[in-house]
Amino acid sequence: MSPLPVRIGLIGAGRIGASHADVIARRVPEATLVAVADPRPAAAAAVATPLGARGETSVEAVLAADDVDAVVIAASSTAHAALTIAAADAAKHVFSEKPAGMSLAELRAARSATAAAGVVFQVGFNRRFAREFVDAHEAIASGRLGTVRQLRSLTRDPGRGPADPDAVPEWTIFTQTLIHDFDTLNWLNHGARPVDVIATADSLTAPGHPTLLDHANVVIRYDNGAIATAEASFAAAYGYDVRGEVLGSEGMVTMGDGAQSSLRLHDVRGRLATTSHSDTELLIDAYTAEFTEFARAVQEGRDPSVTGDDAIAAFAIATACIDSSRSGVRTAVPEEA
Amino acid sequence: MSPLPVRIGLIGAGRIGASHADVIARRVPEATLVAVADPRPAAAAAVATPLGARGETSVEAVLAADDVDAVVIAASSTAHAALTIAAADAAKHVFSEKPAGMSLAELRAARSATAAAGVVFQVGFNRRFAREFVDAHEAIASGRLGTVRQLRSLTRDPGRGPADPDAVPEWTIFTQTLIHDFDTLNWLNHGARPVDVIATADSLTAPGHPTLLDHANVVIRYDNGAIATAEASFAAAYGYDVRGEVLGSEGMVTMGDGAQSSLRLHDVRGRLATTSHSDTELLIDAYTAEFTEFARAVQEGRDPSVTGDDAIAAFAIATACIDSSRSGVRTAVPEEA
Amino acid sequence: MSPLPVRIGLIGAGRIGASHADVIARRVPEATLVAVADPRPAAAAAVATPLGARGETSVEAVLAADDVDAVVIAASSTAHAALTIAAADAAKHVFSEKPAGMSLAELRAARSATAAAGVVFQVGFNRRFAREFVDAHEAIASGRLGTVRQLRSLTRDPGRGPADPDAVPEWTIFTQTLIHDFDTLNWLNHGARPVDVIATADSLTAPGHPTLLDHANVVIRYDNGAIATAEASFAAAYGYDVRGEVLGSEGMVTMGDGAQSSLRLHDVRGRLATTSHSDTELLIDAYTAEFTEFARAVQEGRDPSVTGDDAIAAFAIATACIDSSRSGVRTAVPEEA
Amino acid sequence: MSPLPVRIGLIGAGRIGASHADVIARRVPEATLVAVADPRPAAAAAVATPLGARGETSVEAVLAADDVDAVVIAASSTAHAALTIAAADAAKHVFSEKPAGMSLAELRAARSATAAAGVVFQVGFNRRFAREFVDAHEAIASGRLGTVRQLRSLTRDPGRGPADPDAVPEWTIFTQTLIHDFDTLNWLNHGARPVDVIATADSLTAPGHPTLLDHANVVIRYDNGAIATAEASFAAAYGYDVRGEVLGSEGMVTMGDGAQSSLRLHDVRGRLATTSHSDTELLIDAYTAEFTEFARAVQEGRDPSVTGDDAIAAFAIATACIDSSRSGVRTAVPEEA
């Protein structure tokens, strides 16, 4: 007999929250969506009702509910750590969207709180669950690529850049976007520690904007000698672009091509592959796999494959990038205990 | 509120039955797997129990069960039509694996019985639910390709050919394998009727075998002038291969590349894409989509997108192929009312 | 010291003749273009002069010239055999565009004449010199693919079909277009003999036209059991399309993707590869290689890698296709001594 | 009538010299190879004789020869500038392999000497002549990509790294390898000036080696805001790898896939594309095009499309990289008049 599904309360009914609700309810039999909390009652209901869950306007109601085993936090990034701690205090398991906190201090507090409460704490580094990245990781871990020497991880958001640059919190490109790439690089270059970074970033969609950084290239040196580049843009006209590349002494893996399917349309212009224009489309199997992992970790009472430690390790690189951006020089990645 | 999930009884716990059980239980929230019937009790239990369903040894028990709304037939092909009719008589909705019958007479009887009972009757032409084929169909239906002129549909089973050629029922390549391609071609060349076929087939893995046909090329002429090739092999060393190609007056679509993901491994031999070696891997999203369609058709009380008419239309081509194989000449496709 | 370049007289200054002149003059150091003959003096001069050759209006002048070692025949197909024979009689080596004759009798006469004269006789089956086909042939010949079982060869001409269907000689699709595919299949399925064909062809760009066939699918059975499909269209809106595919017991090779280069342009529509729209662009390296082979065969006094025997073997399939088109039935390929 | 072929004296009969000799003699009708100079008489003869040229042991003999219009310098990099100046003094046109000098001072002297002598001076930035890069440049120059924002250029040499790390001159990765990428980036980001660089480089095939740098990532900021990454490795087990990528406001171009042809071999491991393992194979068409451009510039008495200015602009980035490697900090690219 299979174990009981994990009963999930989702916090945040925005774009990504709505997608997560759908994935949990429809694609993860190990989990049941029971509640969706959002301060806007209509938003909560719009997500919850069609999926057979109840809408709530208060997080407290979800955390107090007896029929909620675990929460999935898809609220504003600035609230992630506090919500994680509150959930841990309520003895709920926690899946937090990345970044799980806005500072290393917040992340450490979240990690401590969940550890003290003995609850599962997983962070939303979805790329670890995408098939091509999983296979790449296995190829590297198996030794098939030899010694890792040069890496690249890239994230480009679809579209024309931020509609309102003022609305983009400072350093978002490092803490919210490249955080995926930092984790991916740490994970693919397994066993190595990032030593320092040099970040190059600018506002190219809104030249001269005082705080917006919409394009960035970060070079990371690891203690095994490997040199990695993390690259991001907020303005990929051609779609949502997630790629990776690892050169080892025995070969190379490349991941990501953006094509929606194997369909190719040939007409007078040439041969066209349509590309994905949203993360929720491109990564739907990865989202499914990460929530499946979360539910199973809860069911099995074990650590998930992506932990608070990973969140801290990736965020440590982001903080070094912020410092490097400010100073213009290579900056050590803070060591984490 | 979403409608109640459709309660499914699966008939047949073989390889494809086990895969279908898993897909229904784990990936189709519109359906619930409640029972799995197989004459071998251990096989039924092995599939049913981990998915929270009950094993049954008799089909009758499933057809009589009050908590079963619909059956999915994944038994031996020779039993498909009789099981469909029995299920219809028991007022159960029916999803039958292809072919839904072993003769046009059987298929007509199954269609009549389900129509008379007012139950949904869907046939397992999974390619209609694979993303690249869906997109191709839309490109064609939208007129973007212009007039359809030349088509190709191909199915190659992985491996080295039948372990025991004597165990392969005569004409299997037409009625079980190419039936997918015949349906795909009918569907992509929408609105056109197949006029005649010429089939070329042989036993190449067991040369001289009296009944085995393990490779076949069929050329079909349609009444809109389009010329189609359907091609099959039972022995693709490189994996399970499903492809399609449609040339229209304005362009071409191609579908299918067999790659498991966008991962490419580059080593001293070159650049390698690993390929799928099983239908249940390559087509898992298509299987999910076809059972979702079935459950929704039941919930909504409507015809599914693939009907008994389609099964008959495809099988009519298969019968013409059998005749053409026997006679060596071009053979008319029987007209169906 | 390298041998002296072979001095070439080109017969025919049409589209393909002009391309051949350029390839010979600019890309084949083993050859020198000395003369270009065309009944239209301006056409001959327009091709010859910029390349440092002389224009001639009479074939006879070229055949009588002491400074011409060999002729390249790119005149009207109906003249190929007679020109070959005349050249042989003048002791000139001969490269003839395909088809080297309009009947088996013509081809045999051309072969006899060149053999009697002791001159090199090569036929323009350029696909044998295209890198991907050469590599495929080697993979097959080396045994890496095992036993050959299923083949496909495809030729699609760019554009919208013949501007004037009446101007297309009857059976052109078999004798001029698919002749390439017939030779390719014979060559890739090395050591096997074509047994019979069934041809399916129609006029789809000019429905109902009394003689035009602009789309054709031919199924060829070989005496090693292999089943081959040759497919052609005169109306590929997306470009000039030349592809091949061979399934063996150990694997498969595929050849041809039409992309002009590795450039991919990604924009809001997706990822675009531009495709070739002319044979003289797509196959320029193959043309270079075939003329290099011709010049070297002349220099070394040996048979070229593509001979009159190959021309006859391919044409034998074309004649069987014509008969099959007329009769509608499978037709034996005439045996050639 | 076409102009007379440019008579070429090649200086240097090493690996790349031998390849250049062959390309010039066999693939560039605008040029004639008349002499090959190398201090090793056997080496000179081995290259010259089969191509109908004469071997020379002294550069002076070539520079003094009346039948030499132009020299192609493929000697040791340290000699490039002095040879260029000597050739200019002898009124010979000059094509120099990259780098055209070992310092900005050398390059300026070479530029001055050739300008003063009124001879053509072209530098061997072959990537500008590779089809995919040419097409990319056109897409960018035409405005189809909008504003250029993020670029990547990559060079990886095939193999396992230097057999003798001590034999690799210091800074080779910047002055000899990445110099290609620097020029490519300057050219693709046309009209923009490189402002500063930060270089990250290490010896990974010979850890701890005092001077070898075998892997490097360079981030370049341009005055139009674009951020570029240049990446190199001396140890690509999978082959010679040359790629580019440009993100603009309207889309992206990618260049380079390393496949030898469109052949794909499918076997039990998957689908394999063989890759090029040498520059002289991968770039043969680019080499042909660059020598054609050189010969035409000489014939037409005009500047070639790649000039000494380009050599200086690329080398300025290399010098900044050397400084950045030493200091560890971002370093301004020296402005060139």
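As written, the chain order gives the labels A, B, C and D, with residue 1 at the start of each chain.
Note that a residue touches a chain if its C-beta (ideal position, glycine included) is under 8 Å from a C-beta of that chain, and two chains touch if they have at least 3 such contacts.
Since the structure is predicted, the reported quantities are computational estimates derived from the model, not experimental observations.
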Far-end chain from chain D, centres as C-alpha averages: B
Cα-centroid distance, chain B relative to chain D, in whole angstrom: 56
Centroid spacing, where centroids are CA-atom means, of chain B and chain C in whole angstrom: 41
Numbers and ranges of chain B residues touching at least 2 other chains: 237-238, 250-252, 257, 259, 266-268, 274
Touch-based graph of the chains, sorted into line, ring, star, complete or other: complete
Of all residues in chain B, those that touch chain D in their complex: 237-239, 257-259, 266-275
Touch list for chain D against partner chain C, complex: 1-2, 25-27, 29, 49-52, 131-132, 135-136, 139, 144, 250-257, 259-268, 274
Residue ranges of chain C in contact with chain B within the complex: 146-147, 149-150, 152, 156, 160, 198, 200-202, 204-205, 207, 215-217, 219, 221, 225-227, 229, 231, 233, 235-238, 241, 247-252, 328-330
